[in-house]
Amino acid sequence: MPELCGIDLAHPVINASGTYDAIAARKVFGDALLDDFPFAAFVSKTITPDPRAGNSPRRIWETPSGMINSIGLPNKGLEGFLAEDLPQLRELPVPLIVSVMATTREEFARCVERIARRREVAAIELNVSCPNVHSGLIVGENPSETEALLEALRPLSEKPLIVKLTPNVADPAEVAAGAERGGADSISLINTLKGTAIDPATGAPALGNGYGGLSGPAVRPVALEQVRSVRAAVDLPIVGMGGVSTGADASEFFALGAAVVAVGTENFRDPRAGARIALELESSLRAERISEPALDLD
Amino acid sequence: MPELCGIDLAHPVINASGTYDAIAARKVFGDALLDDFPFAAFVSKTITPDPRAGNSPRRIWETPSGMINSIGLPNKGLEGFLAEDLPQLRELPVPLIVSVMATTREEFARCVERIARRREVAAIELNVSCPNVHSGLIVGENPSETEALLEALRPLSEKPLIVKLTPNVADPAEVAAGAERGGADSISLINTLKGTAIDPATGAPALGNGYGGLSGPAVRPVALEQVRSVRAAVDLPIVGMGGVSTGADASEFFALGAAVVAVGTENFRDPRAGARIALELESSLRAERISEPALDLD
Amino acid sequence: MIAPFGRRLCEVAANRDSGGYRVVSVVDRGGPEPRAGQFYMLAAAERWGARDGRAFLPRAISVAETRPAAGGGVRLDFLLDAVGPGTERLAALGEGEGIWITGPLGNSFASPREVSDGAAGAVLVGGGVGVAPLALLRRRFSERGVPHRVLLGFRDRAHTGGLDLFCGSSGVLCPEVRLATEDGHAGVQGRVTDLLLPILVGDDAASGVVYSCGPPAMLEAVRALCAEHGVTVELALESPMACGFGACFGCAVPKPGGGFLRLCVDGPVLRGDEVEEVSHAYA
Amino acid sequence: MIAPFGRRLCEVAANRDSGGYRVVSVVDRGGPEPRAGQFYMLAAAERWGARDGRAFLPRAISVAETRPAAGGGVRLDFLLDAVGPGTERLAALGEGEGIWITGPLGNSFASPREVSDGAAGAVLVGGGVGVAPLALLRRRFSERGVPHRVLLGFRDRAHTGGLDLFCGSSGVLCPEVRLATEDGHAGVQGRVTDLLLPILVGDDAASGVVYSCGPPAMLEAVRALCAEHGVTVELALESPMACGFGACFGCAVPKPGGGFLRLCVDGPVLRGDEVEEVSHAYA
């Protein structure tokens, strides 16, 4: 049975933060969602200390084998999340991981403290791709900022802390090592690559926010390379993601040392992608086991 | 008439270094190549001080809407290039840009000096994605290393120096600003994104070298975003590249402030891609001019 | 209306021309009958992504007509305007080809009575590919005896896509349908709003509800006209959708008081006072 | 042999089965007649990239047969083994569909005399889809009166793709062709190298040149056998190709003395002593 930081998982496929709203999906698909929940753990959309409305449209743009999003982290804020969303999310049949982001260590600490107190939360994912308003540095671009953040947060929670790295750095392994030194329990990667497109109809940037983040199969080679290099640098379990859309894609991440894979953009194409990918993985493993003794070395 | 650092160009489309061997292409296609040369300037494959054989196969791997390469800069070395290749390249009907890379400032200087003396060379492109063997830093990842390199090379050549940035950094605009301060004449970007794949047939890395560089339409959103951010930071003309395969793609780069676009991977799919893209650009400009007065604002 | 969980592979039963658009019929053995205004996320099972890696995401398409399918399940008709790689591929699907569908999704048009106290009649205002959800709405109103008029706008003789969805089985346009064409080849010469205005200023306006779907400029004109004349209006909007089930937050439409709605779960049908102005930015 | 500059759009004239493979015929109005061993870079004009953004690059495919086309130009036959998204799409091309072709590319097989002084006869050894270039070579040898034998290996009755390319117009296998099949359903039971060995140890071995194309393991066996018996061999290799015209340096094959050849411009036909060992790593 796969596990992540001591959390037992029915299979090694979870969702990527911000790509599945289990509350909305339950309204759309009913309780069939719960009977047949596609992920082995559920990661919430990133929540921030205060509510955010998100960016102005246009927010998504399709690109070759991928998409750019500039959603802008719309969420109810920490208190809204705890009061309104958490009671609904605890009804999910899988462990819950809450993703948080803040712009000061104090705010990060407040979020982690409040969330860690909730028994229904199995782990906390720290989305560190936002600038620190004090240092001006993007925490996740900087190994020592990341280390310091983890040192500050580590004592506040017994729950596993997963650090989600930004891929827009020269050396993600350095940042991962900083997170490990600071006391992180796991590294998840990749978040989206910075990307832009021009709308051919207007000649102006396609996204309301000017630019956004690229995801989907187009980025899979970058994700795999970052998992490989982080794997070589830290001992922590890795949650690998970026363009996973089939069991074969997931296998690439496992071959490079990921403990678990997360599915993001593919959920939009297939609301049950998580379960399908877990099944594809299992049946390819079974096929390997069966074919092994009869392996034709011709 | 478009120009780049004072070099007149028949149209704004050139090739990306390492994606067209005009000498080999002339053997394959004959002098028709010269009569109808697809690029407004020709950029050589990157040459290094000493000859290199390149990486062990497998060297290329197809990915969704792109490819990974780990070619490893096979080339005849500086002297071999000057003696054998340059006499053939001077027969091309367009200005010649020579791409160079070295691992010490002294070697970079030796290359630039020797090449700058050759009248048939219009400009020099500095490929700065290699580690400096003294500092251990990758020059192109570091604004002050880049600045110092340019300061060292600037006095050695009257020819325009184009700095080709690596996209595998948190902030390419900072590095571009370093290059500008050091005296660069132009910035070209993007080089390939670090990428890996696993061969499903073996479960092992698909490329002989373990990892490689991702290019093609998959990376276009990343290239456009880096051009946008570099454009905002420097005044130098920009050679934009990364996934350009049509005139419409090129227009996106121009909309974000590129002076010239370079075509790489698309050459492999269409040996005349440069000329086709230039034509597509021209006819879409013409169509715009024609439709403008009659514009239906409905 | 709860949708079966997940996408399901269905078969294309027919593909016919409809005045420049295509009507693609899909047999859905596993889903419920959709309501007028609801949509599905569609993707071809084969050759999706065939134009340099696009279409990549599924496409949101309204259901234009539905009826029980021979052998069980429902038959769904989609009206397709081929404007890019996704709709082109969908419009080219041949009989027997596979299609992934997720749905029915989103909310639906309400009856006049549900929307507005004392309202009895309905005015349906459509244009372009936006006539699709109104076709199903009209049939439902006919079945339930809700008095209604239908105003449709078309550009010219060559662009009458979807018009036949408003014909009875005899192939003759239903009597309650009135046309406006920009070239004047049929109905009144002009815009569909030219047909709407006299109704809004007429005596029975107060007891009517307007239902509209069409290009953003038309929707905005309808919204503004109805607001001006104090008539309740339901608008079926579009916005760029990656998922259709509330997962991506991509389909944001600004709310009048600030903030955003997710059109896929909060819409696609919104009351006129739930949007500030219908804009190209999201539609 | 100089290729016309650039890719050109051609039309598929026919697509037929050949023992599990497909033979796709293309009419090339603008190119010269290719030589045996040469290849083309092929990509479907439509729906290339239809499986999640793959195939993206064109695919290298040997020409299996060529003759003047009615109405000018040449007709090119390609033998396709559908192993992935690229060959699958090419193998599914229908009559009248568009295909981008660049070529003819690469070098070609030399005549026995050119390769080896005093050599008069030829032994062609092929297996799998590698029989394609040998089919054209055999016809050329027949036309020019070069004495030759053909040894072909097939797995079983269901895998005889390309065998019909070695049949005369009567549909009967040419007399100089001998078969080895792993299941023994036709010819000798065993490998094609079992047929080659007796020839190499025979009296006239010294005056023969071996020409081979097939899977890496077969090519390596043939190369090693020929080296052992001092017989000259030309091998048509494969390696991963992005461009086919020397642009990408992707098709590297290690040279015995160190360094690499570019198989697309230095090959695809290499003499046995130009390669160290035929390996899966590049083939």
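We call the chains A, B, C and D, going by the order they appear; numbering starts again at 1 in every chain.
In this text, contacts are C-beta pairs under 8 Å (C-beta built on N, C-alpha and C of every residue); 3 or more make two chains touch, one makes a residue touch a chain.
Note that the structure is predicted; figures quoted are calculated from it, not measured.
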item: Identity of the chain that, by mean CA position, is farthest from chain B; value: C
item: Distance from chain C to chain A - Cα centre to Cα centre, in angstrom; value: 35
item: Centre distance in Å when chain A and chain B are each reduced to the mean of their C-alpha atoms; value: 34
item: Chain C-chain D separation of Cα centroids, rounded to whole Å; value: 55
item: Of all residues in chain B, the ones touching two or more other chains; value: 63-66, 216-218
item: Residue list for chain D, restricted to those that touch at least two other chains; value: 49, 52-53, 56
item: Touch-based graph of the chains, sorted into line, ring, star, complete or other; value: complete
item: Chain C partner contacts - residues on chain B that touch it in the complex; value: 64-65, 217-218, 245, 298
item: Complex contact set, residues of chain A against chain C; value: 18-21, 23-25, 27-30, 32-33, 36, 45, 53-67, 69, 71, 74, 208, 216, 218, 265, 267-272
item: Chain C to chain D touching residues, read off their complex; value: 46-53, 56
item: Interfacial residue positions of chain B with respect to chain A in the complex; value: 63-66, 68, 138, 141, 168-170, 193-198, 200, 203-204, 210-211, 214, 216-222, 224-226, 228, 243, 248, 251-252, 255-256
item: Chain D residues within the chain A interface of the complex; value: 52-53, 217
